[in-house]
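Look at the two complexes coming up: subunit A is in both, with subunit B in one and subunit C in the other.
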Partner chain A sequence: MTTETKTPVKKKSRSVGEVLKNMTRHQLFIPVAALVLLVLFNLIADPSFFAVSLKENSLGNPVLSGNIISVLDNASELVLLAIGMTLVTASSGGQDISVGAAMAIAGSVIIRLVCGGRVSVDTMQTSLILAVLAGIGVSMLFGAFNGVLVAYLKIQPMVATLILFTAGRSIAAWINNNQLPIVNDQVFKYAGTFIPGIPIPTPVFITILVILAFWLALKFTNLGLYTQSVGINANASRLNGLDPKMIKLLTYVILGACVAVAGFIRVSRSGSINYSRIAENIEMDAILAVALGGNALGGGKFNIYGSILGAYVIQFLTTTLFKYNVPSTALPAYKAVVIILLVVLSAPVVREKMSHIKKSSKRAKEVA
Partner chain B sequence: MPNNIAVDKQGRIKNRASMSDTNLLLTITILVFFALYAFAVFFLGGSFTKPQSFLNILNNNASLIVLSCGMSIVMITGGIDISVGAVTGLVCMCCAVYLEGHGGNLVTALLIGLGVGLAFGIVQGFLVAHLGIQPFIVSLAGMFFAKGMTTIVSKEPVRVTNESFLAIKNIRVTVPGLGAYNSKTGAYIPAYVEIGVLIALAVVVIMFIVLRWTKLGRSFYAVGGNNQSANMLGINVRRTKFLAHVLCGLLAGLGGILYFLHVGSGDVANGAGDEMNAIAASIIGGTLLTGGVGNILGTFFGVLSLNTIKRIVSSMGFDEAWWSNITVAAMICLFLVIQSVVLIRKNKKRV
Partner chain C sequence: MKKILALVLALTMVLSLGAIAFADGDLIKVGVINNDPNESGYRTANDAAMRATFTEENGYDATFYNNNDAAQQIATAQQMIQDEVDYLLLSPGSTTGWDTVLQDAQAAGTQVILFDRMLEADESMYVAAVVSDMPAEGETAVNWLADQGLDEYNIIHIQGHMGSDAQLGRTGALDAKVEAEDSWNYVTQQSADWNEETARTIVQSVIDSGEAFNVIYAENNGMARGAVAALDANGITHGKDGDVIVMGFDSDVWAMESVLKGEWNYMGLCNPMQAEKVDKIIKDLENGTEPAEKVIYSDEPGFDCETITQEDVDTFGTGVEEDAEEEAPADDAAEEEAPEEEAAE
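Coming up: the complex of A and B.
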């Protein structure tokens, strides 16, 4: 997707240093390096981290369990959000901070339809597909609301989405009259847990499907090209016949659809919803995933696979910290240290300084 | 060199225009606040007519006023700091644990509070200004760190019983000429403000003066308006951005202390969401996130408007918590649309 992935055509034999330099320059260097570090740390500290076993769950189905499976499973929502967030970041040069609240809205709509206004149901009142489609529709509408504010009224994305960030969870509570309905129908929980007979968690399949859809869309449509060109220079792309406003709006609507699927997975995991706590702080993780994937938060070029990798790295880190009994409330402090280390290492100023030091040490050697 | 002159000229034109933007948006904000309050007094009456209920808005939001001042300054330079709410909580917790758990004295506790805020400001300012990392990411990490540290310092709420602290906390400054007669006993009850309000008002005045009449304050606007022309004018852009973040961190520390003086305990939930309230207050007050436009006085009225509308909504019978959130969001939306329409029209006229 990016020009950086092109390997140089020159067939000159390159020194190890040059290869290393090219590697560190690659956009995916940071997330891959972080992942390798985490894997190494876990291998050395406790290799049993990677153990995967087949166990029976409470319903008597044999399912895979283990830390790796839990990383793949729990990262699903984050991956979906990171994909949408990457497009939004690329086109508008800003981030949507309302995704967590919008997930609450989408989840609330789905639960409301499935429960039909009752507090607890054993069988779904509306067909699941209809409920999910409605959730996606509502979520896309809210995405369009953000998109209009950003694209047509030219409000900075973070501020524009602050509106939904503030109101979203309240709207979600209002949709269900502030009740906390519970869905006991097992079919509803298939999407968030396991389908009987399949030992792999369903969210993993959903994520793969969505990634596949985006891969196809980026390969066979101009979505990626247009998004990048609008993000790099909106005026120039307008002069070239694109409609930057429409494209920005479109990316927000796409994010809305991703958010709805993520919200559906989240409510499907437990069959219930807690408006103030569902997907709390997930917007921060999603933005972090985009940054970790080597995408400029100021817009322009993007690499969607970097963000996906970034999302898995974040979940890997979370699971690792959980394994070492870090309380979930203290988790943010550790995450913050990792974030700062990563962004400091990838800051252009620091990189320049580091290469400068290398060069001068080389020169010193030559002189000697 | 015609090229240079053009850039200079552009910078100057932009600067002048943004000043009048500042005044326009400020006027709108102040008018809206008075309209809101007048509406409340005439149509809802009740508690709104009492001077004390107005002063209570100040009493409850002294900390938010200080936080919003810091936020506005960073926003004027074109940055953002979303860590202030979490820093407030951390400062409260540190002070409370130091006073209760370690039996420390008050002055040191307050210095610790300011120090924590200052440390956050310095680290974040360095990362933003000197390493060129996006302020959003830096302060996001700062927010995570402060939130996590708060629970590491103490998970349980800490109630402070230190006597000298309680003595300061309970100081009530009566406002001369304001007061109300108790409807039952007929006794005259003078209206009061807490000590935190006086500090907050002092901060507003000082920051207003700094932004309006000092070289540093003017360079905040210059850097936020146009990085490059500020650089050409001989302003040290990095240093200015760094100082803006340090100032914001210091004010977050002070805001934490005021919050602590108001609630008198350390709790994980202290200051939660205040970063968004501070951003909202700044936006309502006419500060633009793109930088270069803003006014501390507007921010002050932004805080007042924000809390007036919250109280109006709750006294109109929409007691549930969600209504207050939805109205605040609607208010931010309204102000954003006003700002954007005003600016778009202005730009068109100029062209």
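Coming up: the complex of A and C.
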């Protein structure tokens, strides 16, 4: 993966056409282009979109506010899911559609521990760190469940994760005895809102930390290489001494951890949980982020930074549409347009046709 | 010899089946179709009350099904009619699309009782309806808002699940007022689909764009809370003596407490407790008494932060701590019911 990001740098200066061609070929081209388009659109339509102001929130803490801050803040959960989803996609050639339901489970576990089984608490009943660790643990177990189904029982990822997709929210409700508890402790809300004195939303920091952790893991361990080789050819990697099943399982467990952190941020934003509404349909956005990042949904080579960018692009799009009062019920339609474009552009038939057109136009020029 | 043995076994089976049927004979068979209990505190209370009322001890053989998706509800309703339930209790996820179900029910002799939410159909198609009067709830809220005497109403309107009775009623009243009055404007009108997080994002985006607003009209309490989270994050005052009027609906005790504390200005009550009334109607019908009124509306006042009392909170608030023990058996029932729900799907 690192080699591939370096390729355009290695090539010496060529004609403008060559540079353009290299650019469009680069994996990050689509998300970067989408982001540039959105930024340009907002700059032209209303530059005040980018205004950021320092305010004081109702607790008297300084906070930054503005569309850009909102994008960075609200994209956090999606970014975390997109990272895990990229690994799962790369290793198993399929997607986990249970991430939204799994977020509900992780959030429910955390809330349950913090509330100690009560409906509403003003101070946390369990240490927050313990509760979050428990949430991460449970979520990794559910990730392992998905992983075993996919890696060892060889069930199609989408079908395997359909189980948790269907049952997850009921499990989440069951964990809290079908109650909808409320945590009024401000400390609990730090992770989802602001830490007093720091004007940047905490989810932004959490996301940066997680991205940093993955950057280190991909740089200093074989996680990236192994995931990729299992995704490209599981048999060949087995013959080379890897354990493809274990690696697939591992990616699902890692996704489980990402899901738990995302779930924690989400419940921490409001100090409450609504099992059927929390992170509803987020799995689709997470898969879209992976696709937007230029990753093959069939597995193999991957680039998590593409997916991260993809996630920010999706949130940027959502925030832009909200700004222009596009009904929220119409948002999926806009996303659908993006998906259709992506799928069509990446279809082998279309690619072949496009390269044909390029070649013939070149030939026409040469003849002229 | 084998033949005799087979005959004996078959007879035993038939007889035991008969015995089961006989044992079930005096139970009233009901199918309950409700929305997702996890959708909101209102729905949790509503579903728990239904499950606690329609029990075997109370003389019912009840099957429960929960889904917000009207298409799934309709499919299950048809299944229940085929299973020959005596009564079909319906809280429709959307107001339209129920014609075939109602006709099938009539043909099969299944009595339909609507609870909580209305649907669009002729009154002859159901025996009774114990429902919230959603347009009246909207009307009460809008009248209250008009009484606040603001010079200008710049409203952020956060709608519920589009097409549901609750959304249509609560939106209808406000739409009519905004249409009629020049000083009433929508800053934005968006559906958050009962989702607190979406509501927060919508309000945050209005704040980010710098547009002025002074009213938040959220069609349920969860969404109102999401909106308030966005206000708090930006240091915008709300509630009693605040810059922004916050309005919510339903019956959650924490929301009523927010009104009592003056953090919110208004909560329109939506009474989730129809189970007992439905129970009484069925028992009356079994004894040959038709309900006096076809449509029974719950009494649903609005609560104002100036006038609300602790007594109101205690009387009308749902999801209180004490309920935890009472609701516990209902939870068990829910788990037992789970396999049947899957089968129904």
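Everything below uses one rule, namely that the second predicted complex is superposed on the first by the 349 of 368 C-alpha atoms of A that agree within 3 Å, B and C clash if a C-alpha of one lies under 4 Å from a C-alpha of the other, contacts with A are read in each partner's own complex, and residues count from 1 in each chain.
Here is the rule we go by: a contact is a pair of C-beta atoms (placed from the backbone, for glycine too) under 8 Å apart; a residue touches a chain by one contact, two chains touch by 3 or more.
As the structure is a prediction and not an experimental result, all values here were calculated from the model.
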Side-by-side fit of subunit B and subunit C on subunit A, or clash: clash
Which superposed partner A:272 touches (first subunit B, second subunit C, both, neither): second
Partner chain in contact with A:149 - subunit B first, subunit C second, else both or neither: first
First (subunit B), second (subunit C), both or neither touched by A:219: neither
Contacts of A:170 with subunit B and subunit C, given as first, second, both or neither: both
Which of subunit B and subunit C A:327 touches, first, second, both or neither: both
First, second, both or neither for A:178, with subunit B first and subunit C second: both
Which of subunit B and subunit C A:358 touches, first, second, both or neither: neither
Contact residues of subunit A, present in both the subunit B and the subunit C interface: 169-170, 173-174, 178, 327, 329
Subunit A partner contacts - residues on subunit C that touch it in the complex: 36-41, 44, 48, 68, 162, 188-198, 200-202, 204-205, 207-210, 222, 225-226, 229, 231-237, 254, 319-321, 324, 327-328, 331, 334-335, 338
Interfacial residue positions of subunit A with respect to subunit C in the complex: 48-49, 51, 55-59, 63, 65-67, 69-70, 74, 118-120, 169-170, 172-174, 177-180, 182, 193-194, 266, 269-270, 272, 274-280, 318-319, 322-323, 325, 327-329
Subunit B-facing residues of subunit A, complex: 95, 149, 153-156, 158-160, 162-167, 169-171, 173-174, 178, 284, 287-288, 291, 297-298, 327, 329-337, 339-340, 343-344, 347-350
Subunit B - residues contacting subunit A, complex: 80, 127, 130-134, 136-138, 140-145, 147-149, 151-152, 155, 268, 276, 279-280, 283, 289-290, 320-323, 325-326, 328-330, 332-333, 336-337, 339-341, 343-344
